[in-house]
């Protein structure tokens, strides 16, 4: 649709719904208008505004990889008004999507390096895009390690993809659940992500660490990476601040003078350390 | 230095108190709330007719809520609000001292809720003549005229919620209008959402409004919204003999049933 | 993703006569989220229920809307059916298109449209329903029986015999109630005390019964399964453990002229007294109002004469708290007294007495040893006029109801008089004779035919004294309203039965509803005659309305069986449709502001305070907390909470709002 | 800059003709107790008896509620109706004070930052702003401290200055202004050369906004400072709603049945829920942080990121504030400390 209205979303049809964990769903979305699809492109790390007509918009990352064409995916947990309305929808329903917005993971700069992905809980979705992006360009990178933890076994999202990664010889996957969250047949680790990371003692040399998770996890993960010798510019994360517009106007997401929607959501630890504590 | 300033200075110098919430001269000679922490700033304090703001709203502010060494200089609106807040468990006995004023201007120290309650009993609780006249003007209108009057007033509302922010009784951390699951009241400002907001605000203040009129004073658009809560306050008095800000016991007219109440549905 | 099944019931013709059920089903099938929508003649029938079950299994339904009658009728039926098919029963809702629609409207498109609206509303609600688990509350298997008359005695014995603990609380110094005051009982004329006292003794001896006499209910909180009853034990000025009941104190007490309550003022008692000889417990109490020691500060004769030194002048009221699973109200009734009848001279003329007083005159253990003598001069009356309906069935005086027992006891009184004073003439003024019990009509006929009681159908307008005679002026309506004047020696008024004094206060303490005459109300006049609207509180006997002895005993046993039924389970299963204070993530923890204005609002005292603490135990905030065992899900707190911090499970804000929006929105 | 003269009678004719030609004419109108910008249908509705209007002129380009687009739902189908840009009327905004007029500059810098908000820009493009110099001021005015002045032409298309005889000095500032003058050239006469300066209100410059800009960044981490500065603030949104440069907004859906629209509506950084996450985490959880955001946004972020100051010195926020948070005083505190 030809428009100059930056608030007008693309219409997307829910092509597939999967329930990934309690209250967590993934939608595969396809453009209803073929022109939109032709004009659309995004890079890993970017986000969008997803909307249910009559309810409103909500911000989350694009969870699929730009290497997978023809659709985008988003994963969300039923929490607020919009995500509740979204989770009531089913295949065939139409939703709105505005985007892509924000900056991207600099995967071109990561060529020839080892990648260490560290994610916790519902923060795997933003990371999933970049993981698949890198796996689809596997020859560009050396070792790829994924450390993923959740509160309990049930709370682990993308279970079948975890299995897929686990079975791949070119990926090292470590999964963990918080103490008490394990089931009797759980074969992964038990412990908090930072603890397990500490135990893994990853090599910092020529390695990029990408961290995504709840604030408390991030807070304890950074020091361990530092201890392992990761330089601040080798560590990346993605911030999630409340947003309404997605393009630097509505006035919510800024951390000091940094606008998460325009300057982020992807930041290196080096950038993060220069930002005030307002996120 | 006048009595109040001297008193404030003494209190701060004594070390027993660390903060005095009172009034100072603001822009163009208007009085405004002030927070004095140093004895040498005590001279900023004033107390005269211009100090008509209800500053009880600050007592439960997160920044000073747990500061037990505070003093509040209270006009009669503020005093009544303190009593009502005490009844609703939002402020606690012993957390602050109140400086009130006798008719001759003498400073009265009130240390406990009981003392405040007793002092408040000596105050006038009705509307001022001007307020009563405004009330009457609206009550005398025909239903249609009254509707038109409020429709016009509400159309100006910009939903800045200054009425809510300035009211000591609006202490909910999440106001009903901000609860969006479900969304009871429309967020964007248009007449319908405005009417719902103001009517709800009035109902939520039923039996709790001390008729300080702060909501109306705070409104940047000068809507006479205090009349809405006054009306409910007057009804509480007329039908349930309940006057907010007079008792530290939770006896809200809507919360309790008395055999002499007009309606017996709650029995 | 909602997959809702909608089941439209025709209810035979009840619904389908005015609502186009097929159309409702068809339209509902197009509602968003509805997977299957069908209509059927009788949904509640076995095939109907099977349709629901099969649809749940076939379509893996996430919710069911049965559109039929009131949920009061068949909600349990369909919830059970859903549960049998593996769907949480609370994901099933009833859309009432019968009482709310088909029964109250004519056949028209508008009626069908309304039914569609109702169904849509419930579909939107059920989409937001959550699976809920029933609440189980442990039951304290002790019953508190309030009132020790024949109802309380019977109920206590029945419950105790069923193996449960009973605490029997009686206000007077002895159990027995009005039945212990009666002389003989209709229609068999056997001695009231003779049949009652063995049961009183049984109560005293029963290992499962704890008896508190001279005691009153101070407060009650809690709810079914777990009441907490505080009982005030009024001071008897006596150490009951030491007292042997020898009666020496009573003999020596110098204050001997106190009108006896038990004798209806016809006899006298002392200040330290037992109400009557067969009293249980047979231990005295001091009436402090009349005791010289308490009035003047000296006397103490009883203390001096007491062989076991059991008198305790400084004894104060004490309290016991009892945990109980059920309460049984058996507080009985009273009869109208005093100047309610100025025209009949009650209170003015000594020889105008009420029925209870006559019982005492006729009783062998009474003040006259069973001889019928006038209170004024002790003469044997030659003519007695009995006036039935003294107060009853008199809307002008505020009592519209029939007291039900007067016709019978008046016939009995006249009969007893005639048996004792053969030459005497009993007259009865009556409005109608209501003798509908077993052998009752025969009893009345016997009074008329064998004992020659003179029945006059008509009302008495006045009783006045003239030359030492009571002139009773009335009309005989069977003689075309001819005036009748009888010179009587004595007049007995069959005064109306009224609620026992203090009933209203007690009802308020217990949150039991009562009628305008202060009689306690049953939960349903036909189907729940011994339950109250407060779960776990039952009614027996005349506290509900005046009853005769057989009826009272039957009701007591019925209430006792309800209690025993309740106590037959260890846990009480309750619907989880209760209020909860909403919690959220830190730092807010809950939007509850802790104003606690919901506490006085709650009719069930289910709300208390809860402290939210951080890991080191510091209190972060104090918020309301709803006790799931006490909450009845009435929703008053929800309506009152300004910050919308309370939700009723199964009727939360989201669900109610969705219903309202479904009704308001045009689709 | 070209100057002309407009007599009071010609002014009346101008406005009357504009209304007659179906322009939407928006002017300060006294309604009940307040003077505010409203659409007028006759010259007589206009008042000039104000220092500033209660609300700012921004509503013309950035209204309280803006329907962004409409939609309709039918079962699983959703259709959208794009914003009708043609519906935006040609407008003339009368009596805008220089401070207010300058405010559009700040607003535009936000709405044109990379992604251009075409709704805002179209509204502004179709509006001719006729400013009116200030002949009086009050204690709240501080335009001269914020790089403005009572007679500044910046932001206006045409600036009028009222002379003692009731006629107006006309300064034609932009092409848009020139076009309007040209369209009604018969109403304008040659400039009489009156001294504009002497007609203007005197507003003392108590501080320099450059000093605020220089100091404020170093203050960010001083939490105690901001807590103390914001103690009095009760956290309503009045300041932002009346501010000519505040652009923060919320996006909401309004629907009835299957039909509805998405709305962009004003919001305020002073409200506690503005930045609250669904999780309960709030990056700006106390009023000190929120007040800091307001001042930093105007005096640090906008200068740094958008090369414009976010405050024009109109003093509206201070006038509207129920507790007299006087922004000029707070600026001075930043400089002093």
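First chain written, first letter: the chains are A, B, C and D, and each begins at residue 1.
Note that a contact is a pair of C-beta atoms (placed from the backbone, for glycine too) under 8 Å apart; a residue touches a chain by one contact, two chains touch by 3 or more.
The structure presented is a predicted model; accordingly, all values stated were derived computationally and were not measured.
Closest to the middle of the protein, by Cα centroid, lies chain B.
Here A-C and A-D were compared by C-beta pairs in contact; the pair with more is A-D. Centre-to-centre spacing of subunit A and subunit C amounts to 64 Å, using the average Cα coordinate of each chain. Distance from the subunit A centre to the subunit D centre is 39 Å, each centre being the mean of its Cα atoms.
The geometric centre of subunit B is 32 Å away from that of subunit D, both derived from CA atoms.
Separating the CA-averaged centres of subunit C and subunit D is a span of 71 Å. Contacts with at least two other chains are made by residues 173-174, 181, 183 of subunit B. Under the contact definition stated at the top, the residues of subunit A that touch 2 or more other chains are 80.
Looking at subunit D, residues 250, 252, 258, 279, 281 sit in touch with two or more other chains. If you sketch which chains touch which, every chain touches every other chain without exception.
Listed in rising order, the residues of subunit C touching subunit D in the complex are 30, 32, 584-588, 665-667.
Across the interface of their complex, subunit B is touched by residues 513, 588, 591, 593-601, 622, 636, 640, 642-644, 653-654, 657-658, 661 of subunit C. Within the complex formed with subunit A, the subunit D residues making contact are 68-69, 71, 73, 76-80, 82-83, 85, 110-111, 113-119, 220-221, 247-253, 255, 258, 260, 262, 264, 267, 269, 274-279, 281, 283-284, 289, 293, 296-297, 300-301, 304-305. Those residues of subunit C lying in contact with subunit A across their complex are 1-2, 33, 127. Interface of subunit A with subunit D (complex): residues 1, 3-9, 11, 51-57, 79-80, 83, 92-96, 215, 240-242, 244-245, 247-252, 254-257, 259, 262, 276, 278-279.
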